[in-house]
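Take a look at the structures below.
Next come two complexes built around subunit A: one with subunit B, the other with subunit C.
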Partner chain A sequence: MSTARILILARLFFRYFTRKALSVGVLRCRLARTLLSLSAVAGVTLLSAVAASVFHDMIPGKRELFLVMQVSTAGVVFWTFVVFIFVKILFVKSDQLMRYTMLLPVSHRERSAALTLYEFSMVALSVGVLFLPLAIACLTRLGAEAIPAMVTGIFMTAVSAYLVLSVLHNLVALALEAFGGSRLVHIVTLSLMAALTLWYNGASLTLIRDITGDYLQGSVGFHLVNLFPFLSEQAGWPMAAAAFLTLSAVLTILAAFTSPRIFPLPRRFIRVPVPFAGRSLWPMVAALTRRSEWWIAVGVAYVCSILLWLEGDTAFAYSALILLSQGVYVHSAASRLRLMPGYTRSAGKEVAYMLIGQAIVVAIHALPISLLATVRPDALDDLRTVGLALLSGVILTTLIAIVFVAENDSPLVVFTGYAVCTGTLVSIGAMVGVLQVPGPWLWFAAACTQVLAVVYSVAGMKQIMRWKRHEAAVPGS
Partner chain B sequence: MKRLFQVLNAVLAGFVGALLLATASILMLMFSTRAPGTRAVGLFGGVLFQAADRSDGSMTLELGVENWTGFVVLWVVLSVLAFVSMLMFGWLRRYREGLAANRPDLE
Partner chain C sequence: MPLTQLDVHDLGFTYRSAATAALSAVTFEVGPGEIVGLVGPNGSGKSTLIKLIFNLMERQRGAILVTGCDHRSEKARSSAIYLPSDNELPEFLTGREYLRVLAGLYGHDTRAAGWDVEARFSRFGMRGRCDHLIEDYSHGMQKKLLLSGAFLLQRQLTVIDETLNGIDLDAVEMCKAEFHDMRGRGQSVLLCSHDFSLLEEVADRVLVLRAGRLVANLEVCTELAGGGRLSHSVRAALGRG
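Here is the complex of A and B:
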């Protein structure tokens, strides 16, 4: 293995993804990029100021601040999960780059090492930016004394979590390879990782409660995610550093040895029989159903619903909402259909087909989850709410798909779309909550929002068609 | 159709602006009202905030829109402002395009 070749390949990945990310959707516009960068800087500054002010006014002593750092380990692990999956999706969507690297004079081990290096830098960068406000606030309050707590709580936890996830991912991939399922590696590993993230998200509340409970009893308990802060508290900072280095070395060796022998090229489509061929909606339904990502969402939704159902709760019905995660791809999934000869539809009809097609696909795959309610009738109320949420979600995700067109299935555009939409909805929801708007008015506002979303979807679709006509008429535009 | 969308956009912008202002007013009242039991109103009497101590040591909070007329007036004013801004923006853009069409050296 040559370190120089690994670094060159890692740099190639970095440049490729940066250029790819900056050349799609709204990020192509320099003004949008500048605005996004400025809002990110403003957001970090504002959050740092708020955190520093909260720490100054509400958190009395150093011990409480160290508790905050301990609690943040639960968040660090969660975000490591999220970024890990995001980077894996990024590579799955870039099979052409992977095919290109196979032409280069590098061994598979070198390619795997470069991929790991790139993934690791992405995880470190993302977790670092997310926890920057907390780190700045702690430094402002405690000065240099906060550095060991920050290193054990954020850096060491993120690195170890990433390495553990890499080893787990490689082990699953190896097992599939051994059983002849290497074409399904991406679908299975991503489904498992997504299910694990959702499970961890549910478990992290208990984790935080336990860490806080230990603090109230005047002790520091061991909860796996807080391994390094725990060691630092019990045996001192050098012991925590030594444990981190040993664990990292062991996990790195394991990750290197378990890396798959061949890079599995992703399977983008799955041949699934779709009945009623020849009907006008068939192409749209088939385009949505045959995407491999759709089956990841279905797998995760079913696993979560069964786990929640086994727990004896009625919350299993809400697992169906996971199916909506694929709604933002509805425009790009049907983009190939629009290239077919004789395929001309008005914007309104196109939006209607996207809405109905998505509603059919979601309803069919949500049916098995709703059947679980027959065994537990107390979940019927939740099912009614889920039905409404699915209907609303289909409309809103179609709007996001049109506003943030995920060209070439770019995960970054999808992520931006989701982030903007969630941020807007949560902010408006919080404002409406503070204003204590009466229930009937809320229902009326929700209905108006759905109607407006459809109207704006049609307007957006018209605009996209206008741009496409312009691009076709003016070459090079 | 274009004008209709401008009106719709302006109404939505006005609504979000009014929501933002009303929420900010309540938050300001919340953080500036010190004495328990004081009934504080803001945004021209449109929103209210009141905190009161209970006998069991807990606290009740009353907050929300006091007078919907104020909120609606604010919504209308902000919508009109947004609509006028859009009209002016469009007019200035057309003016610049007109200038550029007559003077190619300005492009």
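Here is the complex of A and C:
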């Protein structure tokens, strides 16, 4: 195993993903990139200042800092989960790059090591940036005294969480490989990781409550995520460091030994039987249903709903809304259909197909979740709301998919789409809350919004079609 | 039956980023049952011409008639099929499903005689693969699928943009036989290719494009008479003889 080759490969991955991210929309412009970087720096500075100001009163001494760091371990683990999944998705969507690395004179172990190095850098960088304001605020408040607590609470927790996730991921992949399920490796591992993240997100509130409860009782409890702050408090900072090094070494060895023998090249589609072939809507339904990501969303939605159902929570039906996460792909999923010979559809018809196709696919896959309500009738009210939310979500995500076309599944565009979607929903929710609009008017406004979204979708589709036919040409020449 | 399957008259096109025209004053015809080759150096405007014929880019100057109708009309669209040089196929479909969707788009009855996907796949050396996802097909198999679609649909005009590159020798031989049958049925083919031996065998005429201009319209029989080679004639037409 050559370290030089590992570093070259890790650098190649880093360059590829950076350039892929920077090749989208306004980010191609140097000025836009500079402005965005400056905004990010300004944002971190502002958040640090706000945190420092708040902590000035909140953290009078080490004990309070210790509580803040213990509580932040819950967040650190959550964000490690999120970044881990994000990086895995990036690799799944970069099968061409992975195929290319197969042609290079590197061994599989070197490729795996380079991948791990890249993943680790991304996790460390992302968690570091996210918790930078907190770290700066603590340092400003307590000086160098804050460093051990920050290292145990943020750095050690993030690194260990990443290594645990890597081992878990590899074990699942190995098990699938052993049972002949190599084709499903990415779908299953990502579904499990996403379900685990959602479950952890739900459990983290209890975790934070327990940690705070311990603090109020004057004791320090062990909650797994706070392993290193706990050890530091109980046995001292050197003991925590020794435990961290030992655990990291063991987990790294485990991760290396459990890494799959060959990198499972991702499959983007699954051959799911889709009935009613020959109908004009069939290709659209097949395009949506056969994407492997769709089945990740289905898996996560089902796992979440069952977990909530078992816990006795009537809100389990809302898990069906997870299916809408795939709505931002509705335009790009059918893009190859539009390139077929003889494919000519008006913008209105194309939008109608996207809406109806998505509605059918979402409704069919939400059906098992709604069946859970038959044994719990108190959830039937929620079911009606979920139905309307799904319908509205289909319209909104189709509009987002047309406005932010996720060509080549660009992660940045997809995340922008999700962000705009969430932002719009939060704004509408806030407006409704602030304005206290009477019920009938609220329904009327909601219906009008949906109609407008459809109108804008058609206008957007027309624009895309026009642009595709005119973009290369000099007008009027 | 119209006099021509494809009638291009005074066609001109300029790309936004280019100082010179990609196509200027291009005029030619393809008659029924004719197989016409389209050759020229890279960047001479071959793909631009094909995209304009299929209305994939907005025509700027000139006129294009497909089976006697404006190329944007419904009738023209359903009379012609275009096989692109890149395999941009819906990879989430199986080969059989792709062909069925294609038939649906062209309003072709899949129960009609001649629509035998299994047999077509077998002839192309892809027995038992028609129910596999296109994602799992090799580069050559994807090209064969594109060709299968065109041969099953039997349109009046088939335009092939270098689709025959990368397929095996048996498949090329089968394509030649198909072209022969198409000629017999009065169907036309515009074949964009750099394979002169193929063009010598199947084409009636060869159009030569250079820097967006049609510089020669060569009768293959005439060029081959007396032991001549098509490649020499084309080089001469391009001013490289």
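Please note the rule applied: the second predicted complex is superposed on the first by the 423 of 477 C-alpha atoms of A that agree within 3 Å, B and C clash if a C-alpha of one lies under 4 Å from a C-alpha of the other, contacts with A are read in each partner's own complex, and residues count from 1 in each chain.
To be clear about the criterion, contacts are C-beta pairs under 8 Å (C-beta built on N, C-alpha and C of every residue); 3 or more make two chains touch, one makes a residue touch a chain.
Fair warning: this is a prediction, and the values are worked out from it, not measured in the lab.
A.B. asks: Thinking of the overlay built on chain A, is A:337 touched by subunit B (first), by subunit C (second), by both, or by neither?
C.D. replies: second
A.B. asks: Determine, for the superposed model, which of the two partners subunit B and subunit C contacts more residues of subunit A.
C.D. replies: Partner touching more subunit A residues in the overlay: C.
A.B. asks: Scan A:269 for contacts with subunit B and subunit C and give back first, second, both or neither.
C.D. replies: Second partner only.
A.B. asks: Going by the contact rule set out at the top, does A:434 touch subunit B (first), subunit C (second), both, or neither?
C.D. replies: first
A.B. asks: Could you look at A:459 and tell me whether it touches subunit B, subunit C, both or neither (first, second, both, neither)?
C.D. replies: Only subunit B; A:459 stays clear of subunit C.
A.B. asks: Would you tell me which residues of subunit B are touching subunit A in their complex?
C.D. replies: My answer: residues 5, 8, 12, 16, 19-20, 22-23, 26-27, 47, 63-65.
A.B. asks: What residues of subunit C sit close enough to touch subunit A in their complex?
C.D. replies: Within the complex, subunit C contacts subunit A at residues 12-16, 21, 55-58, 60-61, 77-78, 81-84, 88-94, 97, 100-102, 104-106, 132-133, 135, 149.
A.B. asks: Where on subunit A is subunit B touching in the complex?
C.D. replies: Interface residues on the subunit A side: 428, 430-432, 434-437, 452, 455, 459.
A.B. asks: Which subunit A residues qualify as touching subunit C in the complex?
C.D. replies: Those in contact with subunit C are residues 267-269, 271, 277-278, 280, 282-283, 286-287, 290-291, 333, 336-337, 339-344, 469-474, 476-477.
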